[in-house]
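Chain nomenclature is as follows: A, B, C, D and E, assigned in order of appearance, with residue numbering initiated at 1 for each chain independently.
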Amino acid sequence: MLPASNSGRVYAVLLILLGMAPFITSWIDQPFYLDLLSRALILAIAASSLNLILGYGGMVSLGHAAYLGIGAYCVGIPAYYDIYNGWIHLGLTIVVSASFAFLTGLIILRTKAVYFIMITLAFSQMVYFTFVSLEEYGGDDGLVIYLRSEFPSWLSMEGATALYYWIFGALVLTLLVIYRLVYSRFGRVIVGSKFNEERMQSLGFNTYRYRLTCYVISGVLCGIAGMLLGNFTSFISPEMMGWTRSGELIFMVVMGGASSFFGPLIGTSAFVFLEQYLPEIMKTINPSWHEYWHLPFGVLLVCLVLFGKGGIHGWLSRFDKDGDVK
Amino acid sequence: QADSVKIGFVTTLTTPAAVIGEDMKDAVNLAIEHIGGKMGNLDVDLIMEDDGFKPDIGKQKTDKLVKQDDVDFVAGYIWSHVLLASMKSVLDSGKFLVSANAGPSKIAGKLCHQNFFSTSWQNDQTPMAMGEHLSKQGVKSLYVMAPNYAAGKDMVAGVEKTFTGEIVGKDFTKWGADAQLDFSAELAKAKSSGAEGIFVFYPGKAGGAFIKQYQQSGLQDVLPLYTVFTVDAIALPKLQGGNLAGVMGSKNTQFWSPDLDVAANKKFVGDFLAKHDRYPSFYAAQAYDSIMLINSAVEATGGNLEDKDAVRAAMKAANYDSIRGKYTYGNNHMPIQNFYLREVVEDDAGRWTTKIVDTVYTNHQDPYAADCAL
Amino acid sequence: MTDSILKVTALNKSFGGIHATRDLHLEVTRGDIHAIIGPNGAGKTTLISQLSGQLKPSSGSIEFERKDITRLTTAKRARSGLARSFQITSVVMPLTLLENVMLAVQGTSGHSFRFWKPVKQDQQMVSAAMNSLTEVGLQDRADKIAAEVSHGEQRQLEVAMALAMKPRLLLLDEPMAGMGVEESQHMVDILKKLKEKCTILLIEHDMDAVFKLADQLSVLVDGHIIASNTVENIRANQEVQRAYLGEQHA
Amino acid sequence: MLELRGVETFYGSIQALFGMEMVLEAGKVTTLIGRNGMGKTTTVSSIMGIIPRERGEIYFNGKRIDGRPSYEVAQQGIGLVPEGRQIFPNLSVRENLLATAANYSNGNRESEGSWNFERVLEFLPALAGRLDNMGNQLSGGEQQMLAIGRALMLNPSLLILDEATEGLAPLIRQEIWARLEQLKQTGLTILLIDKNIDDLSRIADKHYIIEKGRVVWHGSSAEMAAEENLKSRYLGI
Amino acid sequence: MQGAFFNFSRKTIPVDWNLLITQLMNGLQLGLLLFLLASGLTLIFGIMDFINLSHGSFYMIGAYFCGTVVSVTGSLIAGIVVALICTFAIGAIVELVIARRLYRSDHLDHVLVTFGLILIFDTLVHMIWGAAGMAIPLPEILNGQLHIGTLVLPTYRLVIICSGLLVAAILFVLVTRTRLGMLIRAGASNRTMVEALGVNINKLFLIVFAIGATMSGFAGMLIAPITEASIGMGNEIIIIAFVVVIVGGIGSVKGAFFAALIIGLMDTIGRSYLDDLLKLSLSAEVAETAAPALSAMLVYILMAAVLAFRPQGLFPPAGSK
């Protein structure tokens, strides 16, 4: 499935390394790195799902964090009633995020461009305020999830390593799904509609239906990321689905390079890494600069756009001529 | 045995809430200075982390403190949701968690844990004290305002528990990243409700904003102001800067006040004032105490931090000079302490501050202790 | 009676104040190349857009193969055998020529809710698309990105895509626009060949090409067809000369 | 007054001009003739700097203007009546005339014969009655008049009209020709693009025929009339 | 004071007219503040097609500059004048150094860059002025109340309303009556043509951007004496300002004006009456929790409804597609 190019080989090595991460981190005795990686990979699933609509479908959603929240609450709320069965959590996540994506998508997909951005924002804010007002489930304070979703022993999520492999597996699966999807008949319609929707219609495609389907698929994938996030943080609060989170997801995609398979993974890793270590770096330069780490981060964002086209992935793929599909 | 004691301190250093985090940071540094950088014969190794006002970042930083830095104590936490997200990481690893502010009812009750200690208070207590005071004063009707989030609702629930008069109106205003700061509509309602007083809870910058608009609406003559966690050392200098004298004489309740006549407090407030030319806020006071509490446990165990039971017992004893004076811990490890009625006054140097005028509760325990299985 | 494939009755379309199509009647005979000429802004593109469904008429009806299609969506019309090309080149620029044409094949060959199998492995589709490219002479350029081929080639691609849909009626909006002399000539040849497969409704300003190709000619002025007849009759028509051709073409 | 030397222009990777050569003499009317898509509008856009030329040089009054942003080119004294008129639909007629009016200092031509609001209305009476109508409420002919008036408000020394009478009814077309002849009398240099060859040969002094982005013939009206197969060869007529 | 009664099916709510008028004034004030922010945003968005998330940073910067000058000179007027000049200059610098390079690129790039700018501005303010925020004292006369009959209104709120209306009027005259306004509208409909007619579009954009920044800064100066200047104060309101822009129609100053008033009034009225209304049909308990959530959602519900039924906004600028 990997393009036989230099960057393709880089990514293949990367995936293998990620697969071995639990061994590596326990070998160097740094269990925290595994946590950091887990979080990065969960966000990578979410960012990849966003990339499916944003990068390949041209639908810029500023409301994708809502699905992260929905997925996490699909773990948290059953757990609140002492229902820990993982299949129920997973099924609920899929059903709820698909229905939400479908129902809102019916309206959202009537709009384009900036209007698309704003209407996705509107719906996610509605979800946000709904959960804030649900006092039963902690309201603004959120819900603590005492136990992880329970699966048969060979699939158990207990323990950092087991959970990591869940996340890793989900990521690989997500990437595989997106890869196959983009090159399938369905994916061609989505990619075509991004660039020239009118033309696609006159070729006989009911683009609205295809885009809606794509939107739902993306929502479900992100919902699953949310379910993993709930299990990982053992906690969920509405704060995790605010619009700034949706904005961060966009940055992760764009930072890594939109419409490339590994872009979101690279972007999220970079993002999580910076979030964790930029303050540390600032602290080492001068202890009182700890709180100013947003400054270099902002400068980095500005420079990335002004000087670096195509994100980090873009730099990598300058090594080879044929990068990814558009 | 290690030759240092590692303490992780998680607070908010970015976003507008950084003003609280910085006050806490200054207090923590002062505490470490006061103990000469040593606890018993161990060096103190302090690691500050910024939670960015986000629960999952708070948890990530906590994970790092626990797993990578392998600290002995994790302290801090301003926000309930950050604490709730992070506590599992600390407690599951068998380390001690000292909350220097957040005290949601869950942690006081159902979720209480043997390794969790608080140097603050449980949310309900302070407004309960205010309700008690109002009832004693014979106030018959009250208008209530608070932000629409868990702590806001706790505060309102607290005052409702003890206030015997009628609550004639209640507003929960939007909170969060885009919190509402313009209260004109609510103040107009409060005024026309004919209440005898107004009770509010607006922490951080919302507090200053509220007071200004309270005065600008000319309410100080018709609707006396009663607050909790609103008029504090963070808000007062700015109110003074804006010359909003309407706040003078308004009443609030708290477990502590800068003028509390306790030796440890005199030293803390005096040195803090000297160093930073401003009064410490209650956040600072609690943060200072969190270090002192840890210090007392390290000293009591002779630096043997491996003996968790001994450390726990030492902490539970609260055998140190707290800025609030002597207090004890309940079964849920929340302080059993006094609550005072305070009034806003001007000090000798012309600074606006608060002065204790009455003791509402002595050795008060929070109502959730019964739910705690410990 | 001749077999009419398309029948437009009393069609009207206005944009706010502009009446771009007014009381337009048109009948196209199966197997013909039917050309529509008229000044800029007469409403030719507007007509095509209504026939293919991008624009909803204000009133009037459109019958295709004796079925009323006035209310059908663009996509449905395309699937029932009505294909169009665009005056302003409208292809999916970042994709290759082959991928573009494959989209056209895909659009009219059943639904595309197939999520897994890569299209490139669908031999049938690839060869159908290659056939269309071959017909317009683009077979050697199949793997070039559409944005990177010349304008003339993009115009040919437009036609190839329309062809790949295996339409029974092909609507071509100025296929020769922006083409050089040889390219235009080449396009004329392609269209001649195409005529054997489907009916063509052609809009073109290039009178040489029109006169060479068309069986029937309609003149559209101010949103209204002022004359519709064989090429010879139209060339002789006084009114048409005045409105569009001018003396030179007479 | 205006000179193009070997101008090559691209739309992205598509080349539209392949070495345009053209000289405009002051006070004369010059035309640019060619079939659709041969590069007439592109030539105009290249002169105006709207589509920057890739190679070649353009001189106006001896000054090099290629590579300059289009507003500087316009400020040198070139007024454009663009293809498709492109008046501002959301501005009234009055505002259309005033918005971009000579907001530059070209000292020497401020004097005597300079155009102002009143003179333009006098010259184009069709507009006088519609000053408060929005641009998009005008008929095609009125829009064309407005576009001409708008260009005159710049006090140009060269007026370029792209598709001067496109889509206009014959009567209005005659009206436009009459106005242009008046302008010619004032000594204005005019570059004219239109499809009505016969009308053009009546009012113009010199013609350039272009095909596929380069000049294939040029000469005076008389020479054009003399060359038998010129029209059929290059103009498909 | 207790006027007429609204008669709902069974229950009735007494209408307090003084309260209603006060609330309408409050809504007007909020609306005008939103307008000051949104008008610049809509111009920048409509004309340059540039999404400026950091527009709210000027709101913050304006407040801080004003506060600083007031604390030094003690004069609010001086503070406002100096701060207006400073925000204009900073707006111009941002346009020259950053925005200008991005007009032709993707909206995503705009979002990314301007988010970066927000972080930069917020941190710079933190470094210069500290995290505590800054109070802006009002002159004694503005700190009081105005009595009109039985109505009592805070003087300063009236000042905000008047300044808001004044700026709206000035802006309206500027856009509809002056040459700059003509060019702005012309530029919104056909940028190339404006340039081909001899107008330096770069300069025009620079001016529009800086004026937008100045108005945003002015809004910040007006609100700061009420809420104080604080880090990130603009980020909270900018999203609502974007909603105003979308609801009003991108590029339309008139649309921004009406949308801002609609949203300001709706928000205020929602906050003051929604719980009473809900109590008519729901239990007090439910109404109390539902009302704040619902009133926070109102603006988004409005926007979603407008986008679903009138995707180009309520008052799209004339001549736009």
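Here, a residue touches a chain if its C-beta (ideal position, glycine included) is under 8 Å from a C-beta of that chain, and two chains touch if they have at least 3 such contacts.
Please read all numbers here as calculations on a predicted model, not as lab measurements.
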{"item": "Chain whose Cα centroid lies at the greatest distance from that of chain A", "value": "D"}
{"item": "Far-end chain from chain C, centres as C-alpha averages", "value": "B"}
{"item": "Centroid distance [mean C-alpha coordinates] between chain E and chain A, Å", "value": "32"}
{"item": "Chain B and chain D, separation of their C-alpha mean positions in angstrom", "value": "76"}
{"item": "Chain C and chain E, separation of their C-alpha mean positions in angstrom", "value": "50"}
{"item": "Averaged-CA centre spacing for the pair chain C and chain A, given as whole angstrom", "value": "43"}
{"item": "Per-residue multi-chain contacts in chain E, two or more chains", "value": "126, 131, 239, 289, 292-293, 296"}
{"item": "Chain B residues counted as touching two or more neighbouring chains", "value": "14, 18, 21-22, 148, 177"}
{"item": "Chain A, residues touching no fewer than two other chains", "value": "132-133, 135, 291, 294"}
{"item": "Touch relationships between chains, expressed as pairs", "value": "A-B, A-C, A-E, B-E, C-D, D-E"}
{"item": "Complex interface listing, chain A residues touching chain B", "value": "30-33, 35-36, 39, 132-133, 135, 138-142, 144, 229, 233-235, 237-240, 242, 244, 275-276, 279, 283, 290-291, 293-294"}
{"item": "Footprint of chain E on chain A - complex, ascending", "value": "60, 107, 110-111, 113-115, 117-119, 121-123, 125-126, 129-130, 132-133, 135, 243, 247, 250-251, 254-255, 258, 291-292, 294-295, 297-302, 304-306"}
{"item": "Complex contact set, residues of chain E against chain A", "value": "45, 51, 98, 101-102, 105, 107-109, 111-113, 115-120, 122-124, 126-127, 131, 239, 242-243, 246, 250, 289-290, 292-294, 296-297, 300-301, 303-304, 307-308, 311"}
{"item": "Of all residues in chain C, those that touch chain D in their complex", "value": "17, 39-41, 147-148, 150-151, 177-181, 205-208, 242, 246-249"}
{"item": "Residue ranges of chain B in contact with chain E within the complex", "value": "14-16, 18-19, 21-22, 148, 170-174, 177-182, 184-186, 188-189, 191-192, 205, 208-209, 212-213, 215-218, 234, 237-239, 241-244"}
